[in-house]
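I've put the structures underneath this note.
One chain, chain A, links the two complexes that follow: it is found with chain B in the first and with chain C in the second.
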Partner chain A sequence: MPRVNGTGQRIYAWFERRLQLEGPVKEAALHPVPRNTASWWYVFGSAAFTLLFLQIITGILLALIYVPSAAHAWDSLNVLNHQVPLGWYIRALHGWGSNFMVAIVLIHMAQVFLFGAYKFPRELTWILGVFLLLMTLGMAFTGQVLRFDQDAYWGLGIGASIMGRVPFIGGGLVHLLLGGPIIAGATLSRFFTLHVFVIPGLLLLFALTHVWMVLKLGVNEWPMPGRVVRRATYVEEYNKLAHEDGIPFVPGAFWKDLVFSGAVIAAVAVCALIMGPFGPGGQPDPSIIQTVPKPDFFFLWIYAVLSYLPPALETPFILIAPIIGIAILLALPFYAAEGEKSWHRRPVAVLVVSFVAVAWGSFTQLGTVTPWSPHMSAWSADAIPAKFLRGASPLVRQGANVFQDKQCRNCHAVGGLGGQRGPALDDIATRMTPDELRFKVVTGGGNMPAFGKNLSPAEIEALVAFLDTLHPPNQRPAVNPVNEVYTSTHASGGEDIPAAQGAPR
Partner chain B sequence: MDLTNDEHRLTQNQDAPTPTGIPPLNELARHATSGEDDRVVSRRWLLMKAGIALNGLVGLALAVPVVRYIFAPWRKDSSYESWISLGAVKSFPAGETRLALFKNPFTRSWDGPTDNVACYVRREEADKFQVFAINCAHLGCPVRWFPQSQLFMCPCHGGVYYADGSRASGPPTRGLFTYDWKVVSNELHIDAGQMPTLSNSAKLEKPEIGEGDCTCRG
Partner chain C sequence: MRKMAAVLLASTAAVLCGCHAYQRGEVSQPVPRPSAVLDFATLYGQNCAACHGPDGANGPATDLANPEYLALVDDAGLRKWIGSGMPGTQMPAFAKSSGGMLTDAQVNAIIAGMRKRWSRPGALEGAQPPPYAQTQTGDAKRGTQTYQARCAICHKQTRDEITNPVYLALVSDQVLRTMIIAGSPDIGQPDWRHDSVDGKPATPLTDQDINDIIAYLDGLRNASPGFAGTAAEPQSGAPAR
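On to the complex of A and B.
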């Protein structure tokens, strides 16, 4: 009990007598932690916690205006953006806070994994952390739905389509997910409930328990090669380390947490100020079909994976892979509760993190570019570069028209513009002979639709004539090998270009 | 205000009886946990167990309506579907595929624009129609019709379908979902009401067009 003098101290004493928080708070703040845990590597957890509170506060502020009704949500977001003073900024803070929170939670997870912090006795801390990650991602997804625009609408459609693949009960699960037969008012209401009540409640409860355990079990010591975790001796060794070479958590380690959290919130504020809020995009009217739906940043990798899976593997993968992934994360602290913590002695752990990071980065990049998506307006928007048509015959020009008009351009780029679903055709003539081009156009195959029914013979001839001109000036078009043999045997004089170069593949 | 004295009294007399005669809280706690009288304790424990049982029973009884309420949307497909008109037959010229819009038959007043559902009507001949759902059979994105190349293309993962709805290329494992249709007093009606997914439309067999109970209702 502090000495009672001065009004401030008397008020403090009055509350303290009734709350009796001083003891536990002091114990938590001043408990010794190993000196080398006062490191900048240990600041991500507290930053995630701080971001959670930023999200709660900005979320409450948004709820003052936002209307969770399918008929009005989109309007209310636009009112927030354009009419409510600084409404756009609160939306931007919440949106950027969400991105930062997912990123920081992922970094925190990678750090504690690499530092072996999930080992005995912190298994449960890790397990709660796994659920916290899932809930953070759940918040990101449900939040994207609450930004009720076209992307949200069709994102829900993808969610429903995935649910619909569950055997036997898929139909019922879709109804449960959507709150009815279609994406509509009931869908938004239930995602609002999840985003505002269910997940945040659990998230807060789990996060507080997570922090409680960090305080009770102590911050994971800095891993040293050769310092092996054993159940029998660990706690004793840790306490010895914390007391003999320890410092009080506050302020020894805590000042770094404070500085980093402050910096992260400042970064969110600056991002929000400069880049503004996310959306909303077009209104969630499913009769507007001129749309190219795309998920938010942290789900782009799933979007990419879903395009690269072979069709036969897709349903099993979508339904089973997440379960296996989560099971591995939950089982990890039991499988590896003891042993080396240092990354110097855990090459597999380092490889796994590197692999996951590279794979995630690559898929996210692909999800940004979406090379598999047809460019829906390329056929009418991207002109054929003039160099391809200079001095071209009328037939070739007609072929170029066919090429545009039949939407070939939506999947095939020419001159760097157009879809990337199929190969770029700038030098297609060096790879395929006219006969092969004709066959491919008519029958399709290998991910290309057959155009035989939709093109007249004249159109096919014109198209092939055009495609056969697509080769670099110093490289001649491919020819049929039979003709090639004939030409090289009977032609007088030498060919400038070796036969092999122009041979079809 | 005599705050200081009040604080002093509270702090000084922590273990002594308070002026009101009520023993301090920690004194009460000591009594509650002492096991001196086994009979008293066991009766209290019995009552406590009875209390837990009562709460469990009430909880279980309440869980029934709660679960029923939560699972209310989980219904048979047929309870969501009904026949709905897409307009006069003459608005769909023979040999063409056109986008048609309808209000979803199962709707709430706060659905806003979300109950505007689109579909493609293909009139092959005077009395032969095909009505396709807008949703790609892969992951439900809206496919777009290109009359020039007679193809449906999906903007999401590049699924492509031919004019008759059959799969042309890309990730979908089947053709476009179709609605059952009939012509009633020169209007085209379809049996609609749900977002089509593989679970309510996954049957690969194609029903006779315009006849029978279609498994591919959207």
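On to the complex of A and C.
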């Protein structure tokens, strides 16, 4: 017991007599850990735990002002941003804290996996960890909904439509998620309850149990190639290692945890200061459709994956992939409870982690840079590059009007502007003959809608005349080798005229 | 120590990457509802720039930055076309009452903005142009001659003529009329006073002349049934050939 003098000592003794915490705390703090586990690789778990507390504190501060009602949530965030002193900074800390927490939890998980720390007897620690990951992601998602801006609104809409695809009970699930058939006040109350009471409560409980087990079972030893885990002998070997070549957990390993946690908090603080809070974006109103909703950073990859999948595979992927993924994570410690821990002897494990990391990174990158959904205002906002109109014939100019008016631009970029749902058409004339263009426009195909019913013959001809001028000045447009009727001097944009139209002049 | 350095380096890199994914930002201003935007540049840029060009000119559709055009047309005329679209052309309706996205206040803001930015006092140099809207039908036969005398001097040279029925099927009489009276500086079409070989001043076209020319062009449009349909009433089905 520390030497405290006089009154202080007596007060301490009074409490200790009743709480009796000194023994367990001392035991936890001073228990020996293998010397080489006091490594900088072992700091991510404690950093995640520290971030959890940062989130709780900033979250409580935000809840003092935030109004969880559909009518006022958005306004109250703007009040926080602009009227409450430092309100914006608390929002920024909470937002960045969330991003850092997801990142650190993922890094922690990868590290635990690579170090074989999920093996006997730490299976349950890993399983709780899997749930902690899910809950952290759940917090990130519900938090994004509480922002209740357009992104939140449409994100929820997408979430609901995913739920709705579950066979048989889909409708019921949507109802449960939204608190009704539509996104409304009840929806926000539900997510507020989840984000503020349910998930954090469970998260804290699971996290404390997780930490308790780490302390009780000991920090995983540094994996050595050839040191194989066996149920029968592992505990004995570990204790021997910890006692013969061990150091007390505090301060031997703990100071590194402290330093790293401090660094992470500092990084959050700096990011929050420089980058500011997230949103809120536009008001959540279903009648506002001039929006390009984007999920938060950590869900971007889903966005990209979904837009790459053929439509037929979407539902199976959305419904089955997460279940398989979680099942694999949960089954892992049972499947591989024994055996080698060292990554030197586990090439498959290393490959899996690298593959997942690269895939996640690439899809996130794709989701960040590529506007997957049609660009809804391109038809009226994105000007036709002047070079394609210089000296263009009246018919070609009308074709350009048709191209814009029929919203081709929302899916097809020209001059780098426009949607990217379909290919850019800057040099389409070098790839397709007028007949092919006409056919494509009329019949569609792939993800291209058929426009045959929505265009008059004149509109189609004008459109084809316009598309046929889209080629670099030094490249001739494609011609149908069989159909020599098509003759035209395409050298300069000005005189393009599809002779195929053959109309009297 | 080396390991420590590596981990610290990696986490710094991770932090920097993470931060860079976002734009440098201060606290964002509350985003107004789209229907509350009244700024001309935003409204024009979002709704009109694609077809009428980023600065009102050099787009595929009417040169709106043409001061003569703005002197010719009144606010009611502009409001009509912008609000409910221009039948027989690709000009869509923008007013909420016609299924568009703009409020009446926004349409008015666009009109005021166009006038403020592009109108020029004395654009017509005191000349009295023929009325903006057509009031009488012309005579196609006379129109042929006027066309030959006043238009074909320039328009016979280009190969894709404005007499092309496919083109004519996509523009309304008013579009032709606007083009003839106000001209279109961005493509080099002269106004009604300058229809001569080099666009030099010439005898101004009269209302009668213009009605006649349009009657002549109408005849060409309707003589070619496949293309006679206008954009406003799309014809079903198959492409022209």
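The working rule: the second predicted complex is superposed on the first by the 467 of 505 C-alpha atoms of A that agree within 3 Å, B and C clash if a C-alpha of one lies under 4 Å from a C-alpha of the other, contacts with A are read in each partner's own complex, and residues count from 1 in each chain.
Operating definition for what follows: a residue touches a chain if its C-beta (ideal position, glycine included) is under 8 Å from a C-beta of that chain, and two chains touch if they have at least 3 such contacts.
No experiment lies behind these values; they were computed from the predicted model shown.
By the touch criterion defined above, A:275 reaches chain C but does not reach chain B.
Once the two complexes are laid over each other on the shared chain, residue contacts for A:158 go to chain B alone; chain C is not touched. After overlaying the two complexes on the shared chain, residue contacts for A:284 are found with chain B alone; chain C is out of touch.
In the superposition on chain A, A:476 makes contact with neither chain B nor chain C.
Applying the stated contact rule after C-alpha superposition, one finds that A:456 touches chain C and leaves chain B untouched. Of the two partner chains placed around the shared chain by superposition, chain C is the only one that A:81 touches, whereas chain B remains out of contact. After overlaying the two complexes on the shared chain, residue contacts for A:405 are found with chain B and with chain C alike.
Shared interface residues of chain A, touching chain B in one complex and chain C in the other, are 283, 285, 290, 379, 405, 453-454. Chain A meets chain B in the complex at residues 1, 4, 10, 13-14, 17, 69-72, 74, 153-154, 157-158, 160-166, 170-176, 178-187, 283-287, 289-293, 303, 306-307, 309, 311-312, 314-315, 372-374, 376, 379, 405-408, 410-411, 421, 444, 447-451, 453-454. Contacts from chain A toward chain C in the complex involve residues 39-41, 43, 78, 81-82, 88, 99-100, 103, 107, 149, 260, 263-264, 267, 271, 274-277, 279-283, 285, 288, 290, 297, 368, 377-384, 386, 389, 392-402, 404-405, 409, 438, 442, 452-462, 494-497, 500-505. Interface residues of chain C facing chain A in the complex, by the touch rule stated above, are 3-4, 6-8, 11, 14-15, 18-19, 21-22, 24-28, 30-31, 33-35, 45-51, 53-54, 58-61, 89-92, 101, 158-167, 169-171, 223-224, 226-227, 229-231, 233-241. If you check the complex, the residues on chain B that touch chain A are 3-4, 6-8, 10-11, 71, 73-75, 77, 80-81, 99, 101, 104, 106-118, 134-135, 138-144, 146, 148-151, 153-158, 160, 162-163, 168-173, 193-195, 197-200, 202.
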